[in-house]
Amino acid sequence: MGVIASLPEAVTELVRDGATVALEGFTHLIPVAAGHEIIRQGRRDLTLVRMTPDIVYDQMIGAGCARKLVFSWAGNPGVGSLHRFRDAVQRGWPAPLEIEEHSHAGMANRYVAGASGLPFAVLRGYVGTDLPAHTATIKPITCPFTGEVLTAVPALNPDVGIVHAQRADRAGNVQLWGITGVHKEVVLASHRSLVTVEEVVDELDPRPGAVILPSWAVTYVAEVPGGAHPSYAMGYSERDNDYYQAWDAISRDREAFTAWLEEHVRSRVPAP
Amino acid sequence: MGVIASLPEAVTELVRDGATVALEGFTHLIPVAAGHEIIRQGRRDLTLVRMTPDIVYDQMIGAGCARKLVFSWAGNPGVGSLHRFRDAVQRGWPAPLEIEEHSHAGMANRYVAGASGLPFAVLRGYVGTDLPAHTATIKPITCPFTGEVLTAVPALNPDVGIVHAQRADRAGNVQLWGITGVHKEVVLASHRSLVTVEEVVDELDPRPGAVILPSWAVTYVAEVPGGAHPSYAMGYSERDNDYYQAWDAISRDREAFTAWLEEHVRSRVPAP
Amino acid sequence: MTVAAARALRDGARCFVGIGRPSTAANLARRTHAPNLVLIYESGTIGAKPATLPLSIGDGVLADTADAVVPVPEIFNYWLQPGRIDVGFLGAAQIDRYGNINTTVIGDHYGDPTVRLPGAGGAPEIAASCREVIVIVKHSPRAFVERVDFVTSVGYGSGPGDRARLGLTGRGPVLVITDLGVLEPDPRTAELTLTHVHPGVDPARAVGATGWPLAVAPSLGVTPEPGPAELAALRLLERQD
Amino acid sequence: MTVAAARALRDGARCFVGIGRPSTAANLARRTHAPNLVLIYESGTIGAKPATLPLSIGDGVLADTADAVVPVPEIFNYWLQPGRIDVGFLGAAQIDRYGNINTTVIGDHYGDPTVRLPGAGGAPEIAASCREVIVIVKHSPRAFVERVDFVTSVGYGSGPGDRARLGLTGRGPVLVITDLGVLEPDPRTAELTLTHVHPGVDPARAVGATGWPLAVAPSLGVTPEPGPAELAALRLLERQD
């Protein structure tokens, strides 16, 4: 466990056509390079899971990797809409995209239930909204002590969970800090996992706010410096806000997108 | 919120006869001085809540503060039994003690539900044991998605939650590190709270593993150096294992205990 | 509009901030009349004090300057859900007469939408659990509709009493701030009512930009002009952006 | 007894450790044949590597040397409950024919006990969710009873199939290590059976110290003598204590 591998090897080993895959990252530490590797390997029919599908999911959807999206907010943060996502939902291009739509609170609790080995989670949520009418994975549940009716959502247990982190040691123990999002939850909830890291180091010195994922709780670790770009890795890089803003124009047009994908993803070979 | 007060003031303000009070600490950062102040102020009929009632609860029970104990493991860690607790349960001295007994997993989840504003929590627990037959606050619950039967426990929302921590700043923001137990949960689950701290400082510099309780989430902060003794505050003191071992002999005998209580608690006045 | 929103935040309040105008307004308030405003972002940063405006809710400047950074499940479960947050700040693609908000789809069919919007994010639970909600949205008939195409976040449902019936703990939207003025729910009918216009705005313009017959308060007020300190702070914030 | 327990831990295993003999045994294993044993204490320390034996499960030395320290709810919910832990180590005041454990009350009446014991702690869920459980308990008729007065932690319930029926995910107690020998559940009947005695121990002594007619395996073995390295490491650990 916590086996150190190259990115292409780890993705080949973990991600199969038809799999349920979560590439998580709440603005920070998004495993973008891993998403590009999935595109390069030509995976199809994936169920993509993520609270905040942003540019890399837009790219994966536009590249035809996805059959279904499970999510709570699909947008380009601070910029606007995701045009490839829209095109797939509104016009079925390049393939129809089934959606399963939740709120952030619901998705976060679904990961928590998954990480906890429970079949469902309970929250105060969704009540009065139109979401339960369109999403089968939202149901009422009654408190056995007070009789109060709350909301239940089922656990998320992806086949593969992928996140980016700052560092790992040579034994495959992972350390991340800053906005840690649902990184721990998605790795623990998933049957198998991949963590891409900025660097592999001899020793993980303690850091304020750091989350540790022990080697034995992670399947693969791959060293991919800059693997979160245009997202960032606190202490290593800054968020490339220009890239997010530029994405809007690139992604509006199918041809511009296709050319971009060919040049910037498909024709690139990552360092082994 | 996060008002800095003396320990006697804060206890006077917060802890009333008949209240439900949780003094938490999982071996580390136990608010012992606050427990002694409650004894000195002569509080009665308290419902005491704690996962691991140890020496300070033995003292409070022996001093006659408690009517009921909600707990999961009542012992002198690494030493043996709590004799005042035993005497109260087995022989009703100095007063009968009602008990509501759980497991650690159940109690921890009860605090989590309390901190989360939910009426109950779900876990895999208690199944096959004799606990549900004797504890009304353990009930089955069925997953609305899979039909699986799990266990529900109700939220804990004490009137007052009390913990010890390493430091606070002058605005009343609290910082603790090391084994953080259920400190955050009990403070957030309780209607009002008191954090005793080793010291009040100008600025809380970030620390690996530190938990922050924002001032606005805490009712009172009291500076009580050594306030966790014989428990410890990592970075400030060591656990006084000799005291824990010596307690066994002191507490076995009602008279020895009463004399100890008079000398070491009742007749002492804490610094204002 | 940003200044009016900033002014609505009282000093010391705990404010759950979405990105864009809400974030600008909250940061403006912190630099003017409300230095102790506690900014909470759904990325898990509690007490963020950004020197520059973040583009996203997860920019490094938020984590760097926060009192605490907690995991995302914790921000929703321990901090938002129990009602610890005073004010939630939301935007909207559509808002209706009763302050219900749509950020999901435009069109009559969820499965075949005219426009697919980003979706719910944190909004449904912010709208449910914050003690009060402030909505910021540009005034137009496309945005101010008789009935939202999809209820992403509940305002007053279909009228008075609905929030209590649904078990929602917060008060709901107390202010809707637009580029033309301010709407507040009528205390009796819960219907959004124009209570203020910005200086120089004809109330008829607001009525015309609203897709239902907008009620106008008999004691219609005018929001004060932005002061020089507010304008200077706003310019500084926006320049850094 | 401690050495036999230490030997039962395979290198690299994740071990949920209670205080007292389990902790001594686990630390002994880590210093002898199992340097990569992962010690997890319910106080939230994952991968603790104490140089001295802790008196409590929350001693500073555990937090100081751990790979990670997590809150107590997390240790139960994220780490124990989903079955990530290989071995749970438990003690017992009473243990019965089917490996059920009592650490709650001695006597026929829960509400009026002969002896009030500390209670459940983490044990019920350790016994339910660890892949395997090892119990360490001194051999005596008071401890080895036909039927425990109170089931604090489930072994095999009332016999084969009970764990599956109850939905318990772990295998249950695979070894009960005493000062006289080792008991293992019979694969067919799930009844604890004497499979090994320690060197020089007459099996009849173990049978006599057991409160039910203890089955003795036909192929009864003898545990190997502690080696010099084990004894040296054990003495070092206990001296530091």
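As written, the chain order gives the labels A, B, C and D, with residue 1 at the start of each chain.
The working rule: a residue touches a chain if its C-beta (ideal position, glycine included) is under 8 Å from a C-beta of that chain, and two chains touch if they have at least 3 such contacts.
Predicted model only: the values in this text are computed from it and were never measured.
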item	value
Target chain D, source chain C, minimum contact steps	2
Pair of chains joined by more contacts [C-beta pairs], B-C or A-C	A-C
Cα-centroid distance, chain B relative to chain C, in whole angstrom	40
Separation of mean Cα positions, chain D and chain B [Å, integer]	28
Residues within chain C bordering two or more other chains	77, 81, 129, 169
Junction residues of chain B - those touching two or more other chains	112, 117-118, 123-124, 148, 184-185, 209, 211
Touch relationships between chains, expressed as pairs	A-B, A-C, A-D, B-C, B-D
Residues of chain D defined as touching chain A within the complex	12, 14, 38, 46-47, 67-68, 77-78, 81-84, 129
Complex contact set, residues of chain C against chain A	19-20, 42-45, 54-60, 62-64, 69, 71-73, 76-77, 80-81, 104, 110-125, 128-129, 150-154, 157, 162-163, 166-169
In the complex, chain B residues that touch chain A	117-124, 137, 139-141, 143-146, 148, 150, 152, 154, 206-210
Contacting residues of chain A [partner chain C, same complex]	26-28, 51-52, 71-75, 77-79, 81-82, 85-86, 89-90, 101-105, 108-109, 111-112, 123-131, 134, 148-149, 178-182, 184-185, 209, 211, 232, 234, 238-239, 241, 244
For the chain B and chain C complex, residues of the former touching the latter	112, 115-118, 173, 184-185, 188, 211-212, 214, 216-217
